[in-house]
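After this come two complexes, each holding chain A, first together with chain B and then together with chain C.
What follows is the complex of A and B.
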């Protein structure tokens, strides 16, 4: 899929400009998430403070991109894939802004955790979960940058692993809480951070759904993964079947 | 502000139709939230189950309204207040869908709480918080239905009270958890429900911001309440100043 095939050079530039701004916003949000996680894992209060203050920039970008989209619709009256791009952008930036909010929350709890050290040790579980979340976020933004629906569909469903990690972490936190009431406060703080991480994963998945909508013109929200793969990505299915067949040495 | 002043009768109908669908979706989400809260407060497992299954209808409406909006943009090329309506709708339904998700989560935890009765008694606090959340949700939808920016701006800031209730409830839950480790599981479930209630309040506030955008043409997200009131609703400020003056018996 290509953008920028219009007779009006200015129109091309406007669409390209919107897309670039979204990528920039995505980059900012990704870096905020990374910093928030680093602050959490390394008890870095300074870094946590930095994340809290940079949320304003993300908010500002959301408002600005929304305005650009409205202006393009009003002036250029986009149709087909151009319109889908604009609508997808309007949706994607809402998710990006909320990822920024979650990163800010993680930073806020990180500050409290750093100030009140305790024996609640969930470093390895949090670190594992964070790696998954960051990789899904990164890949989703990448799929958006390259308008790659194939990549987007591969990312869908990867949050199952995050949810599993979240459940395991919750069980671990529960044991700390039961062991000693003095662990409860910090265990709850870690739990809120984990919930925020999980939500970042959800938002990243939403971004992938918008990429598929943008490229394929199909709204795949609230649709089962099997249905999406078999209907819009039949090639993937062939690959999967082939893999299975190969595994069974039948081919 | 009025909708439906177009020469094309069909276009009027299309916009009116979109607005009606949003109101319908809002009604459904509101009723789901009410049911989820009732299930939570009255330990009603059947009702909780009902909420879990009706989320699909909300999702379906979101997709349908989004399609309608895209179609209207492509065919009618709306500008000015019509375009703002369409953009506001695209945003509002995302919030409505997420309110539906939160209601579903409350219902899910309610089922578990009903199955595992315990002494964790937060009925009065939850009930208090729920009343606030339902009233903000109801009033936001009402402001959208009547395109009433004055009402919308009055609702903004009302979530401060919800946040206060949430903090109090969290403290109470903490005492239960510290008292007896056997309370921890249920206390956490109540805590997740309270967090969902708080989020529903946030989404309702977002809806108000979109109503203000729709009517006044100004994006007021991420803007302080004082700034919004003084800039776009100067009359309110006069009222507030008068009230204060009256209170101080200076007038």
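What follows is the complex of A and C.
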């Protein structure tokens, strides 16, 4: 599917403009997440502050893109793929903004964690989880940028791994807390950061669902993964299963 | 029915439906540009269970130029179906097939099976005048007769002998004007000329005239393209009310109008029926690339 080729050149530009802004916002949110994670893992207070201040930019972009979408709806009455693009964008930016909020939360807790060094050592678990989350986020934004539903459907379901990591981490934190109640404060902070990371993964998955909606015209929210794959992507089913089994064998 | 007389000025317009470029006669001959998508039959849902009118394998020729190619379509009972497509795609021509309006064009030849309630409307025994009483028509430009408002509405009823006395005729005229949403505005001026009304009122007068003979199907050929948004909204509201009693087929150039009023939408392109689907589907996720290009305003 393509965005251009409307008879009205101006309309092309408006849609292209909206899409570019979303990509820009996606880039910003991704870097916010990266920075927040870095601040968390490396106890970098300065970086954490930077994330907190930049969150405002993310919020502004959400409002701005929302306005652009409203204007296009009012002036152009988009239909079919154009309509789906506008609707998908409105939803994508909501999720992006939430990802921005989660990044800001991670930054906030990491400031506190940096101030109170603790024996609670979860560095390797957090770092592993972060890598997974960042890769999902990156790939989702990539799928949106290229309007690639096939890639988007591959990303769906990758958060099960994140959830597992989150459960493991929670168990580890519980042992710390049982060991010594003085660990509870920091353990909870780490737990909230992990929860935020897990939420970022969920929001990234939502973006993939909107990409599928945008490209295929099917709403795949609240649908089982098997159903989505067999119904809307029957031809790549074999490839997907192969890819997944390859992924798993690597893990 | 009586509208035949008034369509004559519109005829040349119908006859010039010919933006169709010379088509390749055999399929091996590739004629396509970047945006051209091959049309292989109709996609979507052209058939319904409770068809009021249906066409099978409809071809229409103007002289030796073919205007419509093998259209298969059902129009469901009590539904509004919108026929959309670029100029010269054959949608108006198809609409006119449905009440044999093309009979009046000498060079026009219609083939295929066309039925109303299962009866062949092109049968030799079918009287086109009676057919047009059952399948009424409303045109792009309001065309009231140069008579009083009352006589405009009563004309068809008199012609078909639908009222046996003056009182019945009065009731019929009043009921038709009420259904067309015009009665309140004209009840004190029934004997003033219909041509003195505003455009939107005239169009509603034409609708009242069409429903006075109690048709089963109403064909509308761009009924609001000459009206302002308020008159358009009134007519659209009227169509929605009429839907419970009549079957309506509307040709429109306004896609928003098609989206607003119809339950199903049929997209015509270069004389072929490309896609028929529920209106909701057509405007959110059309099946055919050509439909998509047209409704999103892309080259195609």
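In the analysis below, the second predicted complex is superposed on the first by the 238 of 251 C-alpha atoms of A that agree within 3 Å, B and C clash if a C-alpha of one lies under 4 Å from a C-alpha of the other, contacts with A are read in each partner's own complex, and residues count from 1 in each chain.
Note that in this section contacts are C-beta pairs under 8 Å (C-beta built on N, C-alpha and C of every residue); 3 or more make two chains touch, one makes a residue touch a chain.
Quantities reported herein were computed from a predicted structural model and do not represent experimental measurements.
Contacts of A:185 after superposition on the shared chain: chain B is touched, whereas chain C is not. Looking at the superposition, the partner that touches the larger set of chain A residues, chain B or chain C, turns out to be B. When both complexes are overlaid on chain A, the residue A:91 reaches chain B alone and has no touch with chain C. With both structures placed on the common chain, the touch criterion links A:9 to neither chain B nor chain C. Of the two partner chains placed around the shared chain by superposition, chain B is the only one that A:67 touches, whereas chain C remains out of contact. Of the two partner chains placed by the overlay, chain B and chain C both lie in contact with A:77.
Shared contact residues of chain A, touching chain B in one structure and chain C in the other: 77-80, 83-84.
Residues 5-8, 11, 77-84, 217-218 of chain A are the ones touching chain C in the complex. The touching residues of chain C, when paired with chain A in their complex, are 35, 255-256, 259, 282-286, 291-293, 295-299. By the touch criterion given at the top, residues 56, 59-60, 62-63, 66-67, 69-70, 73-74, 77-80, 83-84, 87, 90-91, 94, 174, 177-178, 181, 184-185, 188, 191, 195, 219, 221-222 of chain B touch chain A in their complex.
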